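Each of the next two complexes has subunit A plus one more chain, namely subunit B in the first and subunit C in the second.
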Partner chain A sequence: MTTMRSPLPAQERSNPLVGIGRMSLKAAVAAFLLFVVLGPLAGLVIWSFTITWFWPSVLPTEWGLKYWGFVGNSGMMKALTTGVLIAVTVTLLCLLIATPLSYLLARVKIPFKPLILLLFLLPQAFPQLPVFANTAAILYRFNMGGKVSGVIMIHLVGALVFAVWTLTAVFKSIPVSLEEAAINLGASRTRAFLTVALPLALPGLIASSVLVFLWSLDEFTGTLLVGAPFVQTLPTFMYAAAQGYELQVASITAILLMVPGIVMLALMERYLKSEYLSKFGGA
Partner chain B sequence: MRKGETLGWTAAALPPILVVAGLFFLPSVLSVISSFQTKQGWSLANYQRVGDLYLKDIRFTVLVSLISLFLTLLIGVLVSGYCRLHQNRLVEWLFKIPLFVPFVVTGHAIRILLAPHGLANSLLASAGLINIEHPIPFTGNWVGIAIALAWKNMALAVLLILGAFRGVDESYLEAARNFGAAKWRQVLDVLLPMSKSSLAVVAVLIFTSMLGSFNIPVMVGGGDGAKMLMVDVYYNIVYQNNYGVANALGVAAYLLSAGAAVYYLRAVKTN
Partner chain C sequence: MERVEVLALTKSYGKAKALSDVSLTFPEGSLTAVLGPSGCGKTTLMRSIAGFIQPEAGEIRFGGQNVTRLQPQERGTAMVFQSYALWPHMTVYDNIAYGLKLKRIPETEVRRRVQEVLELVEISGVTGVERRKPPELSGGQQQRVALARALVVQPRVLLLDEPLSNLDAKVRQRLRVEIRRLQKAVGTTAIYVTHDQEEALAIADHVVIMNKGQVEQAGTPEEVYRRPANLFVADFMGITNVLRGQAAESLGATAGGTAVFRANEARILHATDAVPPEHVVLAGQVEEVTYLGTAYRHYIRIGAELVMVDADRAMAEPQVRLALPRTAIQIFAA
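Moving on, here comes the complex of A and B:
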């Protein structure tokens, strides 16, 4: 890329003070940006290593790993394993049932297509909580309230919406000519899907399922409405700890919740397209 | 497709449709119906109550969301403009971080940072900027909520706005530079006008998500003042077991979101 820079006036260029001023301005802006993004997270880290912290001391009065020892304790460990179990189940179920529909939406003229698209657009545009409150009532009627199965069902709603949009985009990005060639040579649509489209879509399928997994791990609203107080995952456990002013426990849980996402951001940054991410964060 | 094949594909496509229809569409219809019901039967009593008690909360929700949206877009445009003109991978990466921080974690982090006895106040006090006896109340009011929502959403804003800015051809910027346009002029006069419709989409997307936000307000808000709408919905369900009023508040939220969507459609059309 060849970009022309408008040259500074000669006077400014030769003055070393201007250069120093510019550098320190840059450093100040960089420090400010770092503080804006990382400041809130730094607070979590500090609190997680705090044993006692008396107001108005700027830093904790007593530091230590005491509260990190609580990670192995019953409550947090149970929330972690329950959450992972739910997220794995939701991801597998979601992938299994969302893939065929996504393929159809991407490739085939199916009846009621606009209605189906509208149905999957609705949860993106509407506030979730008032709807999920009624979903929870339905799940309670089917005896799934306060149970892991109920939480899986309510996670599945958001996960499916997310997966159908991303997987449809994945299938659309595969050149249609390859499947057409297979069909012209006598393969059925099913066979073209299984032997041509599916293997080509594998990277997209993996990216999408990692995001669904993370989304389910972070889901809060539905879990609270359907699961509380019997089924706890890390987000609801953290909420309870924070409301009870167990700030160290809450901060450690918060850090545990953040780690998978940050790791993924580092590993998969290149594959993350904006359409995958627009509704992310476990609302 | 042969008949058997069509049948098989239909059967395979139905489960996700049934799940979303049964556990999202149906409940949203039920919520509208039950907002017109009380124990005595059909009535407008729930809406009467919303009008009597919650109008200030509706106003509060819209205002906080607008303030936070403004903050988010400001950061989004500044950072995206900088990244578009400078190619700074590090800044780009830095501003993607909040995308992967769950809403509840954001709520908690901002709360411990901004609470009356939190990190921000003790830092300000030690710098001698505030009186230690009177810490600034950032939380329990609109300030904490607006900041937390903006922090969480700025990542999405940067992601989408930078995408739009990258779509603007370099030749336009070069032309502006040849006329001596400074960096901020290039952002303001070239990048912004040329990505107006994308910006409208981003704004509506983020605004509706702010209207419907629950985790952050419930953690950062609190206090005796006005509350965000979703917190009212939740309290009506959990503490008062009053589904009618909760659903009427829900309908108010749907209407606000729909209003934003209509605005968005108009903005797209006129462009």
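Moving on, here comes the complex of A and C:
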């Protein structure tokens, strides 16, 4: 009777073989995860320091910084600055349009509200290529093809979707009574928005801006369709480089593209409290 | 210190009438509790007075001035919200000073008045309270800050929207005495919306009972408690015993009418007891007895109705007689 009653985990703990089995299982899972996450990254890093690497050798036969030297003098630097310029502009324009729009969508009873929100989702609901191809055709008609302004426009198509949907949720999560309290004490609607709703939405605004910025920096299809070959950002530059089988240049570009994301996430982690982040996600 | 008048106010949401032809007077400097079940229109009434809801018809006057078409910002009311609605990103000081800064009152004056109101709501003892943010305070403290924010602007009308319903019973009882004291101290006309009849009776000079967008009764706490105007008010005031049909008619009700009385006002007579003067007697059958601590509650069947009567000790015999003072019986026509 007593042995039957003793709980199962205790029995397992008493058996050293089970303990070892568990530990090795954990180690295997950890190793697998590390491989999945770091494997491709490691490949990128190795390729970026490669000068020659021919099949069937496991590691490059000649190492060096030769290709990192291209960062400074090739079109890569120009592509990076163009990409950042576009991403910053897209983020600012997006905030400027999406903030008031999502505030209205969250607060005011507008007829056909679901329809408006759906309209903003449409570009994401269809395959990107036809949507962007059509938009590109229109942009060319307005003489924006092959220009930075055109790339900004096509980025906005996608960016506004993210921004409007997330910011509407952010503003909805702020109780109306907070603004009513301000209005009740004599504040105008604008002032109530600026002093109450906006500061409370700030973490959401920042998180949404980071998303938009990174998305724009990474955007490929639209940039290629509208911008190429005159406007090149890092993703299209990488595409061009990889087509020439210069895997080294492509790897370096990929590493450069990851840097802003890692920096931004680190900053968000550092300066935005986790509760804000969870609110942003859960709102 | 202004009288608030509401004249024939009407507001509907779709087909539902939230307010239908409501007319009321809130005397200057008084505290009036607007009482009713949820959906009775009490919140719509309060939000109309604050200016957040535009009524379809009727008029609202503050001290004779018609404010019906004024924006909420121009009305000079101050509202205390059920959820407190304190701004979590501002300090307590900035929360309270907000209304004063809007009025472009000089900084030193703002500082003095915030300090004064913090003492008035008895929260200045909490160390560093001005620099704290509302989420760091307890529910009761937050409500005191919300009161301070409303009182500091010296409003024409103070509006309290179920201010205590998010607090636990003990804090609620303390704070309602506080609210009463504060309202008397500043002398502002106050309107207090609640669904809690005990709270309404304890706090108010006048009680207005609403149901389905209409006023059922308005009067002093004693009036609505002792002389409910109809069955709805009686029920809302905690009168649980309702007699209909023959039993009601034997107490003087007309056909189809009802007779009501409170559980603690009837007396159960022993077999040998004589009927006291000015009392009427009802015969009934004890079905159940429960112990409440303060008394034994008897569930007694009279005709088709089950009534509750409290007594000091449990009755053993099933057949009993109830003695009711004539003054304790309310008769309502059908």
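As a working rule, the second predicted complex is superposed on the first by the 244 of 283 C-alpha atoms of A that agree within 3 Å, B and C clash if a C-alpha of one lies under 4 Å from a C-alpha of the other, contacts with A are read in each partner's own complex, and residues count from 1 in each chain.
The criterion applied here is as follows: contacts are C-beta pairs under 8 Å (C-beta built on N, C-alpha and C of every residue); 3 or more make two chains touch, one makes a residue touch a chain.
Source: prediction; values computed, not measured.
Following the overlay on subunit A, a side-by-side fit with no clash is recorded for the pair subunit B and subunit C. In the superposition on chain A, A:P229 makes contact with neither subunit B nor subunit C.
Once chain A of one complex is fitted onto chain A of the other, the partner contacts of A:S177 are limited to subunit C, with no touch recorded for subunit B. The three-chain arrangement built by superposing both structures on chain A places subunit B and subunit C 100° apart around the Cα centre of subunit A, to the nearest 10. Taking subunit A as the reference, the larger set of touched residues comes from B, when subunit B and subunit C are compared. Of the two partner chains placed around the shared chain by superposition, subunit C is the only one that A:G186 touches, whereas subunit B remains out of contact. Of the two partner chains, neither subunit B nor subunit C is touched by A:P114. Legend: residue contacts after superposition of the two complexes on their common chain; A:Q128 is shown touching subunit B, with no touch to subunit C. In the superposition on chain A, A:M238 makes contact with subunit B only, while subunit C stays out of contact range.
In the superposition on chain A, contact is made by A:P199 with subunit C only, not with subunit B.
Overlay on chain A (Cα): least separation between subunit B and subunit C is 9 Å.
188 are the residues of subunit A that lie in the contact sets of both subunit B and subunit C, per the superposition on chain A. Only residues 1, 3-6, 33-34, 36-41, 43-44, 46-47, 55-58, 97-98, 100-101, 104, 108, 110, 116, 119-120, 122-123, 125-135, 137-139, 153-154, 156-157, 160-161, 164, 188-190, 214, 218, 220-221, 225, 235, 238-239, 242, 247, 250-251, 254, 257-258, 261-262, 264-265, 269, 274, 277-283 of subunit A touch subunit B when the two sit together in their complex. Against subunit A, in their complex, subunit B makes its touches with residues 1-2, 5, 8-9, 12-13, 15-17, 19-28, 30-31, 34, 75, 91, 93-106, 108-113, 117-119, 121-123, 125-126, 132, 151-152, 156, 159-160, 163, 170, 173-174, 177-178, 180, 182, 205, 208-209, 211-215, 218-219, 229-230, 233-234, 237, 243, 246-247, 249-251, 253-254, 257, 261. Subunit A contributes residues 175, 177-178, 180-188, 191, 195-196, 199-200 to its touches with subunit C in the complex.
Only residues 50, 52, 72-73, 77-79, 81, 83, 85-89, 98-99, 102-103, 149, 153 of subunit C touch subunit A when the two sit together in their complex.
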